[in-house]
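Each in structure tokens, the structures are laid out below.
Each of the two complexes below includes chain A, the first together with chain B, the second together with chain C.
Here is the complex of A and B:
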């Protein structure tokens, strides 16, 4: 069977299970927290409590710090490392591996299911948060901010894509990929706050450069000054290349390892 | 162990194949062929039966040697799965799916069009008597039904080679009979069916052709009756539960075929060792009624003892 029809078949099989999973329920709650926060913010405005930050600035902080820096990488970690591990633990991998399809198509189908699921959860949450916060002080100037929303949606999709590909690779490579993944996210990625070329060695450095929001820096960044903002074309090129390389390597490893005994 | 002249061409071939996991050798330098018809893969638990089947199904790569199915290497040849079906031992499913969704999803991955997927799914479900339960979620199936839907997914694409790992485990006698008949029919139709089991009478009901596996090696291959003869020569143990085991003991001890008698701790059980089980069973009828025998089983039926005996020889 050809690669893409096979991947589409696996996508169909994986998608429903992924959307209605406990993992998605938890992720929906976490992704929805900013929406709840935005509603509270508007309620506070209505009660004439003076806010510290304007609605749009607050939205920018949520996108840059909550979504892109923390929650989306975590979502990618918990979904993507489980793409193969769930089938191995559930001992259902055999059903997929005894079909006349290339193993790479199984991984790609499941990866697309992960991207579709997380996008379905993350994009509406971001759009709702944007409109709730950006219109908290009235709808004037909203039109000029809509391009930023589209840019943010693109960055969210890229974050899920590139972190997802990285953690898919970790998932097929390691038996326990979560701890190394967490170390990567919350130790290595802090390098993005250093000045000079170091942020170019992180994923978050490129993602952050793509958003227009510039929230206060974390940790050492406060002492060492603003890290450089990288050109958008470079960021896009690097992130897409990384996603393809990670996913290609994951598919290559997956098609050469036997997982059945781990079941 | 090569096929004799005139015999059907082998569909599954192991050529000095070994598989190990670290220090543990699961299959050791196995050379064997399996041709059309039903072949039983007999061995006690942990003998290497599942590893043998997983190697044949391309789920594991051999550490050494070669495993071929339908003339192609079993490992890394996904096109083989158009003609091969595997019913694995694991009781594992996507429980949210109905029986029909389970089969149609897998048939879609085999390359069939939607209508053909549904037709084949219904046909396979009918073969294992699950047509009425096709709309129910597998999570709500009984163990026997789960076993049968697993068998259905292996049959649905009408493969030439079927690898069945303990296929009747967990089934009630009626469905066990149905599956045994199905396996025999598939064998008669010229399909290569390799059935693993650790229970002699299960395999005996399906075929007379067996491969005996023990400690990762093929110990013997041939007619199941030869194994039965070996078992008959080997002391056979029968456990009997009776209202009055002493009355039973008094009668059976006079039989020339009884080697030893042991009373169980609970006082209701009597364990008999006999050199000629057939004659012993034939002579048991009247004493069993007299002593009120309520239960009887043979601890030897799992083949463990005959394998120990064969290895010792």
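Here is the complex of A and C:
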């Protein structure tokens, strides 16, 4: 069977299983929490409780800290490492591999299902949070903030894409990819907080440069200062290249590797 | 249709609606004016303007800062003169105030937009001794005509007032009828800076290097002599007063090395303040509210000061004076 029709078939199958799963329910709650924060913020303002942050400023903190630095990489980790691992664990990989379709199309179809699932959960939450918070002090000036929304939607999509490709590769390479993935996220990616050239060795360094939100640092971060903001063209080029390289490597390894099911 | 695809469709419909609403807001934003935050009337300001500063008076008078401290125009002599001469009240009559200057407010022009009737205002000015003068558009009144610094107030249209030195005000009135080479419309440098100001800010200021001409070129640093402050090509700053006092400034340093040098200087000052936090929590709070980033040749500074912190700083002022 041709590559793309096969991938489409795998996509349809994987999407159904991925969207209606416990994992997606948990992710929907976590990704939708900012909407709840925004509603609470609006309610507090209506009750004349003096806020410490402006609505749009809070939105910026949510995008820069909650989404880009924490939740999106975690979502990618838990979905993308399971693309192949779930099939191996459920012993259903054999059924996929015995179909007359190329192995690469299986991985691509599942990866696209992952991207579609995570975008479906993350993008609407970001849009709702933006409109709830950016209009908290009135609609005047909303137009000037809309370009930031578009930028943030792009950064969210790119974050899910590149982290997803990386963790798909990890999932294909390792039997237990979650722990190394967590180490990567919460040890290596912290290098992005260092001054100098170190942020260029991380994925999050490029993603942070693409957003316009710069929440003030606290604690040790005040002494280290904010890292340099990298040019947008460089960030886009590096991130897209990384995503293609990781995904290509994952597809190549998956198409050549023998999977032995545990008895 | 499979449930999975339905969820995908609904999600992307929400996103598409949000994007559409955003595009509509972009086009229809009431805060959007002729160039950035500057209304069309502002394009008649003089072409040799080196800096522009604007205040959204409606947002200012609705802010906690104004509600607490009121309008203290006595700190700015020229604005004090304007308020006294015209009898205008900011919270009732004014929408926007723009100051255009070359080296300071004293030689600048003030453009006031609001809701006031020019004929009634003209009568008020005449009753306070202003001498009327005939001009192409509207009316012009001269205050202290025989004194050392005669000032003019022009009322070219309902809701528009221009005040300042007589020659500057006459230039603005002449520019009103045709935005020629003597008008701000011909000053591409400032217009470019104005376009970088996000509409909707409570106050904003843009200027070329002359705006910071009064700053020292070097800063003394204990233990290591002095550190050179890189010269800046331009500055764009905006601020809001609600719910906290926030300021965002972007300085064009000319090249990446100068930007990094300035950024390092500012981050060093912030770090020094942060290290004092154990001894002086107010300094620590101030430091944690400031962030400095560089982007090629520009330096971005974001600062936020909660009103409680401002109150602490204010209380320290008189207490420190008493101790001295």
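Just a few scattered comments:
Basically, the second predicted complex is superposed on the first by the 256 of 263 C-alpha atoms of A that agree within 3 Å, B and C clash if a C-alpha of one lies under 4 Å from a C-alpha of the other, contacts with A are read in each partner's own complex, and residues count from 1 in each chain.
The criterion applied here is as follows: a contact is a pair of C-beta atoms (placed from the backbone, for glycine too) under 8 Å apart; a residue touches a chain by one contact, two chains touch by 3 or more.
Keep in mind that this is a model prediction, so the values were computed, not measured.
When both complexes are superposed on chain A, chain B and chain C fit side by side without a clash.
In the superposed three-chain model, the partner touching more residues of chain A is C, compared with the other of chain B and chain C.
Judged by the touch definition given at the top, the superposed model places A:157 against neither chain B nor chain C.
Of the two partner chains placed around the shared chain by superposition, chain B and chain C are both touched by A:16. In the superposed pair of complexes, A:198 makes contact with neither chain B nor chain C. When the two complexes are overlaid on their common chain A, residue A:98 makes contact with chain B while staying clear of chain C.
By the document's definition of touching, neither partner reaches A:253: not chain B, not chain C.
Within the superposed three-chain model, A:6 lies in touch with chain B and out of touch with chain C [touch as defined at top]. Using CA centres, the angle subtended at chain A by chain B and chain C is 170 degrees, rounded to a multiple of 10.
When the shared chain is aligned, chain C comes close enough to touch A:141, but chain B does not. Across the superposed structures, the minimum distance from chain B to chain C, using CA atoms, reads 11 Å. Across the two superposed structures, the residue set of chain A contacted by chain B and also by chain C is 12, 16, 20. Taken in their complex, chain C has these residues touching chain A: 2-5, 7-8, 11-12, 14-15, 18-19, 21-23, 25-32, 64, 198-201, 240, 242-244, 246, 260, 263-264, 267, 270-271, 274-275, 287-296, 300, 302, 304, 306-307.
Considering their complex, residues 12, 15-16, 18-20, 50-54, 57, 116, 119-121, 123-124, 127-128, 130-131, 137, 139-147, 149-150, 153, 214-218, 222-223, 225-229, 231 of chain A touch chain C. By the touch criterion stated above, chain A contacts chain B in their complex at residues 1, 5-6, 9-10, 12-13, 16-17, 20, 90-92, 94-103, 258, 260-261, 263. Chain B meets chain A in the complex at residues 21, 54, 57-61, 75, 78-82, 84-86, 88, 90, 92-94, 96, 105-106, 108-111, 153.
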